[in-house]
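Letters A, B, C, D, E and F mark the chains in the order given here, with residues in each chain numbered from 1 onward.
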Amino acid sequence: MDFPKPVDSMVYPRHGNIATFMRMPHISDPKQLDVAYVGVPFDTSAGYRVGARLGPRAVRAASSAVRLHHPVHDVTVHERIRIADYGDVLTTPFEIEKTYDSITREFDAIYAAGCRTIAVGGDHGITYPILRAVAKHTGPVGVVQIDAHTDTHDTQFGARLTHATPFRRAHEDGLLVPSKVVQLGIRGSLFYPDDLAWSREHYHLVTADEIHGRGVEPIVEEMRATVGGAPVYLTFDIDGLDPMCAPGTGVPEIGGLTTWQAMQIIRGFAGLQLVGADLVEVSPPCDTNDVTSIVAAQLLFEIAAVFAVNHGRRQAVLKPAAQPRRA
Amino acid sequence: MDFPKPVDSMVYPRHGNIATFMRMPHISDPKQLDVAYVGVPFDTSAGYRVGARLGPRAVRAASSAVRLHHPVHDVTVHERIRIADYGDVLTTPFEIEKTYDSITREFDAIYAAGCRTIAVGGDHGITYPILRAVAKHTGPVGVVQIDAHTDTHDTQFGARLTHATPFRRAHEDGLLVPSKVVQLGIRGSLFYPDDLAWSREHYHLVTADEIHGRGVEPIVEEMRATVGGAPVYLTFDIDGLDPMCAPGTGVPEIGGLTTWQAMQIIRGFAGLQLVGADLVEVSPPCDTNDVTSIVAAQLLFEIAAVFAVNHGRRQAVLKPAAQPRRA
Amino acid sequence: MDFPKPVDSMVYPRHGNIATFMRMPHISDPKQLDVAYVGVPFDTSAGYRVGARLGPRAVRAASSAVRLHHPVHDVTVHERIRIADYGDVLTTPFEIEKTYDSITREFDAIYAAGCRTIAVGGDHGITYPILRAVAKHTGPVGVVQIDAHTDTHDTQFGARLTHATPFRRAHEDGLLVPSKVVQLGIRGSLFYPDDLAWSREHYHLVTADEIHGRGVEPIVEEMRATVGGAPVYLTFDIDGLDPMCAPGTGVPEIGGLTTWQAMQIIRGFAGLQLVGADLVEVSPPCDTNDVTSIVAAQLLFEIAAVFAVNHGRRQAVLKPAAQPRRA
Amino acid sequence: MDFPKPVDSMVYPRHGNIATFMRMPHISDPKQLDVAYVGVPFDTSAGYRVGARLGPRAVRAASSAVRLHHPVHDVTVHERIRIADYGDVLTTPFEIEKTYDSITREFDAIYAAGCRTIAVGGDHGITYPILRAVAKHTGPVGVVQIDAHTDTHDTQFGARLTHATPFRRAHEDGLLVPSKVVQLGIRGSLFYPDDLAWSREHYHLVTADEIHGRGVEPIVEEMRATVGGAPVYLTFDIDGLDPMCAPGTGVPEIGGLTTWQAMQIIRGFAGLQLVGADLVEVSPPCDTNDVTSIVAAQLLFEIAAVFAVNHGRRQAVLKPAAQPRRA
Amino acid sequence: MDFPKPVDSMVYPRHGNIATFMRMPHISDPKQLDVAYVGVPFDTSAGYRVGARLGPRAVRAASSAVRLHHPVHDVTVHERIRIADYGDVLTTPFEIEKTYDSITREFDAIYAAGCRTIAVGGDHGITYPILRAVAKHTGPVGVVQIDAHTDTHDTQFGARLTHATPFRRAHEDGLLVPSKVVQLGIRGSLFYPDDLAWSREHYHLVTADEIHGRGVEPIVEEMRATVGGAPVYLTFDIDGLDPMCAPGTGVPEIGGLTTWQAMQIIRGFAGLQLVGADLVEVSPPCDTNDVTSIVAAQLLFEIAAVFAVNHGRRQAVLKPAAQPRRA
Amino acid sequence: MDFPKPVDSMVYPRHGNIATFMRMPHISDPKQLDVAYVGVPFDTSAGYRVGARLGPRAVRAASSAVRLHHPVHDVTVHERIRIADYGDVLTTPFEIEKTYDSITREFDAIYAAGCRTIAVGGDHGITYPILRAVAKHTGPVGVVQIDAHTDTHDTQFGARLTHATPFRRAHEDGLLVPSKVVQLGIRGSLFYPDDLAWSREHYHLVTADEIHGRGVEPIVEEMRATVGGAPVYLTFDIDGLDPMCAPGTGVPEIGGLTTWQAMQIIRGFAGLQLVGADLVEVSPPCDTNDVTSIVAAQLLFEIAAVFAVNHGRRQAVLKPAAQPRRA
């Protein structure tokens, strides 16, 4: 079993070479991989400031600065798991439904090959078609969502497939285990008084205020207890971070998480049954001198390190085609 | 008959006040106007770098620096025509066809009220639904298109309504008089060898090379001769300009027009039957310190001045509902 | 009694339409309003890096992303109070005294109509002429000032009307109740050893160090206790925030407040007799990709929410012309 | 007689050392110099987008890249004339009249010492107090003004001392020889129909259109013929250039000069009686990555080279105190 | 013989996928190619503003917008020649000589395989080690250099291998045919009076002034006549362009070429014996919103099109190891 | 004994005048000074994103906003110590070893004159040649290093003199007292599993995680206890700060220190035997609107204030030439 090797940053300087995620090789065959970085350059389901379609490219470039041993987990990612840059899935900027179907189809094929994914968006709408693929192979999943917004609206501008609605759609499709959904970092002004009501009713919602007030450690413990041993998917909207950390996103909200808090949350996945992850809403045109892409690349490394450290431990088995129940 | 008055820049400094086009009042009733600036904040039909949805807002802000007497035409725009900021038409970022229908509907109502429009995009796809509205009231129109690209593809990514296809769609719908369509400034690499063939067959295509080689004056004369006394629509894709003049656009092409050349072309509309105009593809996220928005605002002023100087001369009569013929 | 309604962001996308504060209508008649957002595009009293004259315009644009229900106060701002965008007051960039007089005159008229104000600067010098107007209708007020600097110098470059002196001037004019003035977030290098002495003698000065050291909650309690039931004016210099949160200002100082700390302070005004507020020193030319304007817009929403939640409770009565005592 | 020597860019790299104009030493004693670069960091007389107060600093930094031999005039500037960085004159950001008096006083002292100046603004208002000083020593001067705007308004916002009025004020004070005033590059929208009338009546006004249409060479000849052997002052508003060349200025106007055209004009001063010069309206906050400052630095070198090449030829004698006649 | 195919931009949108030059596949085996794009991410031989080490990466990203049929040459590049992205050669940022040796070694291997190169720098110093490799296989070559500076200094800061000296070193090594070296676009201030003397003595030097004065067509004819049927190498320093076209470079000089002029020069290589080319000194950190990278990508396409159109015509034969004569 | 005086910011506005560190005079004679700000504009030993060569210039400009009395130490820096801007040391961008020797030579001369230094880089490699000079006069020193990275690699790309290796080299040369070396803020991904092992073995390494977890106060106490009364050198790599505070650096790492934490650490040097300091890796091309330079300038002030407050207390005596022991 071959472990793909990154470009060696001790030989080829980090400003050089064709930019792939973490300088890993470009491998489109998921059978060769345990985990694939997958670009999803699609932002047409974003309702306001777009640009996240350029996210995968910018994060690839920024990720060349990441080294590959994690100092806390003490794991060298590419030596523990077979991980590479899968490339980007097929998208078309003009059609949301068609693109979502394309996303589901391609992620389905990846999971069918026994490979898990770290998707890089793109807007948050893409998590819904990814979950459609993942849940086919795992059954309904727990979800940890780091985000300023719950993204559980029913519609936006009358449309059902948008970046404000993925978790409502996933819920309806039975892709989630509601009791194992944790939303962390929620904050900001609301469209309607009851915007949070649906989430509070179905999920475990933790506001950013609560994280700042109580500290991040007990929140991580709660998250771990809620999710338990179930298969769990991590979805990280970069606007979960405060604008000071991640200005390059479409809808920043003040009072958000610091990168350090976010790192504690991600590190808290050690030992959980992590079956997939994504990082979305990095919008390079909204960014300033790539700082958000740099932050995103380092968070991707944190996520990859969790996959690596969990590898070899008892893992959720990916089924050829588990059938999610319709809500 | 009341002439709307701008905020007086000799009293209220130009950095102040709510930003409208040229500091004119916000008037949504087209019956009060001869010409309306109309924002069309829609860029979902753009296939690559988006951001033109933010164009109207940025151009409004930049336009506060424009004064209102034209030094060459010797006309004070707002004293010759009733002109104001209509506001933005209804768009929804997720649906192209629905938005195009909305655009046509709203422009139709404006023209039905006897008012002409200077639209500010948004991506170039919006010209098609605008032409659907205009041609209802004028019959098929001549078109002068300043652009790097012909935008006459049949489809892009399999879609028929995109910013690469508006003039093919308008052609099919019989909205244009092909012999009176002039495309100026065309250049850049092509997808396929025959990308220009269709345009060369149906329209009068003038490359940027030809304009640089022959000088702009004879080209303007040709344009005027081609268009003649027919109703004509001016559509200005900001990427007709060279990137040095207009970096803030999705698909810049080197070797383009200077602003001075563009100004000569616009000024060449004096005496023509100008029935409408647009300026599209200004993408603030692709811009640097608003320079493209500033350029766009001044070009809008050049366009408005032509409407003003032509006013009172023999003008094309807007019909309640002329019926374009289907190609 | 009509409540002005914002543009509905569920119908018109947030990147569209003429930019007003919070997408509220432009209403220049204060009699129709309980609270008015008022732009004050003036920065000639700034002694170093200017640009705050462009603040109101940039914050208007950024504010279109704010929704209108507050998640903590559980109040929909525009349904509880009549609030709108008043537009900008008359300023002239060349003359400080004349402009200050103009500001006082216009705010006086607004308060005389029974309307309170949330002013958006502009440099911090504008707070002095605003306080001249406010105190006419409330008598001397308490002031909570979030700021890096005390702004209590006697003169700057020999001038008495500058952004370094407003609270010295207001003090001399008897516009303030010194025992109810709280300065929060003070820090940074000083011109002279005794720069803070005057403030410490007359006011309740709390350094940023103290806020970081003790936590923000006890500080908020102290602030509430100090101000008590007196009429109080909130003045927020954006440089009260750390440069990481608000780089777009003339004189940033490290070691400042986070937005989360600032939000706790503003929320602490619930139940107080808030008679007016301002947010100043947002300088778009010093900003990077609008992040400071975005932060400012969200802080304005926090301030508006306090006005809304306090509304209907026992409120300070605005008098036609209370006479401040000369110090 | 000592010739000040620049930092040697073949020894000390250009990114190093304290930034002075052209890396020349800082010498505040005008008696040691033939020509002094003088910073005038003042922009309070600018009516719209400010920032030119930061111009001298930014141009100093950019000028370190300039080498010191001119390839066309074949002259090494600092070996032909004693030239250095005088530093900045005293200004106060709050008061125009007081600052103008300060400027006049300091330039007067420089000219009284037999030294000429290349001033770096600052807004264009500063040319008026400089001319008050220059004309004391030369009598009324000819002026060549490269500019988009005539700057001959009577007042702006009711004020007489602004960046829109310097040449009206200088005219009234008899500082100019009207028949020897040439305005080059004028263009752009006007406040009022007769904005250009005054200039056309009193001066030789050449529009940018005319320069593009006729070519720059005959214009230079006209300029030389108009100015003849009289003492002449060169005032270069960076907005004389097209925004593509100089985006970093408060009020850019499209259709402007290229740097190459501007260089031809400046080089046309060889052999004229150049008694002083300035370069104004470089506004770093409006700039993008210093490109306008770089352009400005190189234009300053072109100007200095003219002083150098003219040196030793028959020169206008600076009088201790020639008295301008009041108009 | 397989022709590598680009990612199809009609299927995969241009913002997607791993960024390679022109979306061509990454092929490191030169035997499979007629022409290779080769990145040289090295800028340690730049003496002032660095950043060109990031050039290849930025140009790769920008190049995804280029389509692949040339409208004037009427050639589809990748269907006429086997061309691909070779990747980057090995460089080390700390050592110039070692890196130059590495560059020579790697280019030598490419040419030995019968493949020609379009190198993307990196600073201009890299042309010297490339020429060492090229001339081994062609004998001494003619050179057309588009540049603001001659780059023929003997040393800079005492060093012999810098971006100011490549053509002096190549000359000494006998890699060039001096009578067939053309330097186009030279301008700007000089370190010493005789900076141009050496070039004028040995080469055909054409200043930018001359190109602007005489027009570009006769210059192209001269260039073609000078080079004749000899093997010729094209080296394009992006600072040959005016800063308005290419701000993103270390040492911009005003009065430079427009992109249109540069395109005419490159197109003038049709029919010449073009054996290699490079584009250097694109410095993304000096750029504004990628505009220089976009320009560079389109110029690379112009260069590639010349290789394509010349292919099949009588071509210079690459020898296994022609021996350049030492000067 | 003369105390150099800064430009008075109450007379000359802060945007004016030639930019020196803290507006102090330029004095190259170390005998006149107790402490010298010394620019070291060199970044060739940086392995990835360069630009720190422009650091001293940018920090000089930003520092003009700093006032000179410290509010916590209650000391007016320039009245307690003789401090000024020494200018920049001689560097050559092409040669690391030669430049390091030059740095050592020049700092040696400064220390030999009894003057201490606050160096402004430049990349972190420069600390090694500075320590060679310092230790000659103090003997081996304790070091407090605020940094994301330990910089104790043996080589980078095979080179021994790089910004990744200074403390390994200094260690080998016996310039340090290992038991008195404290590394604060260490974090981020590692090249190899044992990257931190060497530091943990020889030094007192404190991760950023630990600082966030325990709070900064006990860390400061530990640092003071570790260093004790020994001569100590403070080296501050700006990437010790979180990217939200200091985006303008070559290799930012998330989870870093806030400026407030850094200020507590620096203030903790009061009473220690501080013999020198530096601030490195500020890279203006990686910065956004100068925010990192502003932060750096204020940290420099914090450092200078410690020198000032310690002055007069018992101080480490600088020896003419103490001999460090070879490791």
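Convention: a contact is a pair of C-beta atoms (placed from the backbone, for glycine too) under 8 Å apart; a residue touches a chain by one contact, two chains touch by 3 or more.
Just so we're clear, the structure is a prediction, and the values are computed from it rather than from any experiment.
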- Message: Taking each chain's centre as the mean of its C-alpha atoms, which one ends up farthest from the centre of subunit E?
- Response: C
- Item | Pair in D-F, A-E or C-F that repeats A-F, with over half of contact pairs matching by residue number | C-F
- Message: Could you work out how far the Cα centre of subunit D sits from that of subunit E, in whole Å?
- Response: 39
- Query: Out of subunit D, which residues touch more than one other chain, so two or more?
  - Reply: 11, 13, 15, 47-49, 53-54, 92-93, 156-157, 242, 244, 286, 288-289
- If every chain is a node and every touching pair an edge, decide which shape results: line, ring, star, complete or other. other
- Message: Can you work out from the touch definition every pair of chains that touches here?
- Response: A-B, A-C, A-E, A-F, B-C, B-D, B-E, C-D, C-F, D-E, D-F, E-F
- Which positions of subunit B touch subunit A when the two form their complex? 43-51, 53-54, 92-96, 156-159, 161-162, 285-286
- Message: Please output the residues of subunit A touching subunit E within their complex, sorted ascending.
- Response: 11-13, 15-20, 26, 39, 41, 53-54, 56-57, 60-61, 85, 87-88, 90-93
- Message: Under the definition above, what is the set of subunit C residues touching subunit F in their complex?
- Response: 47-49, 156-157, 187-193, 195-196, 207-209, 212, 242-244, 247-248, 251-255, 286-289
- Parts of subunit C lying in touch with subunit A, wherever the complex brings them together: 9-11, 13-15, 65-72, 74, 76, 242, 244-245, 258-260, 263, 288-289, 291, 294-295, 298-299, 301
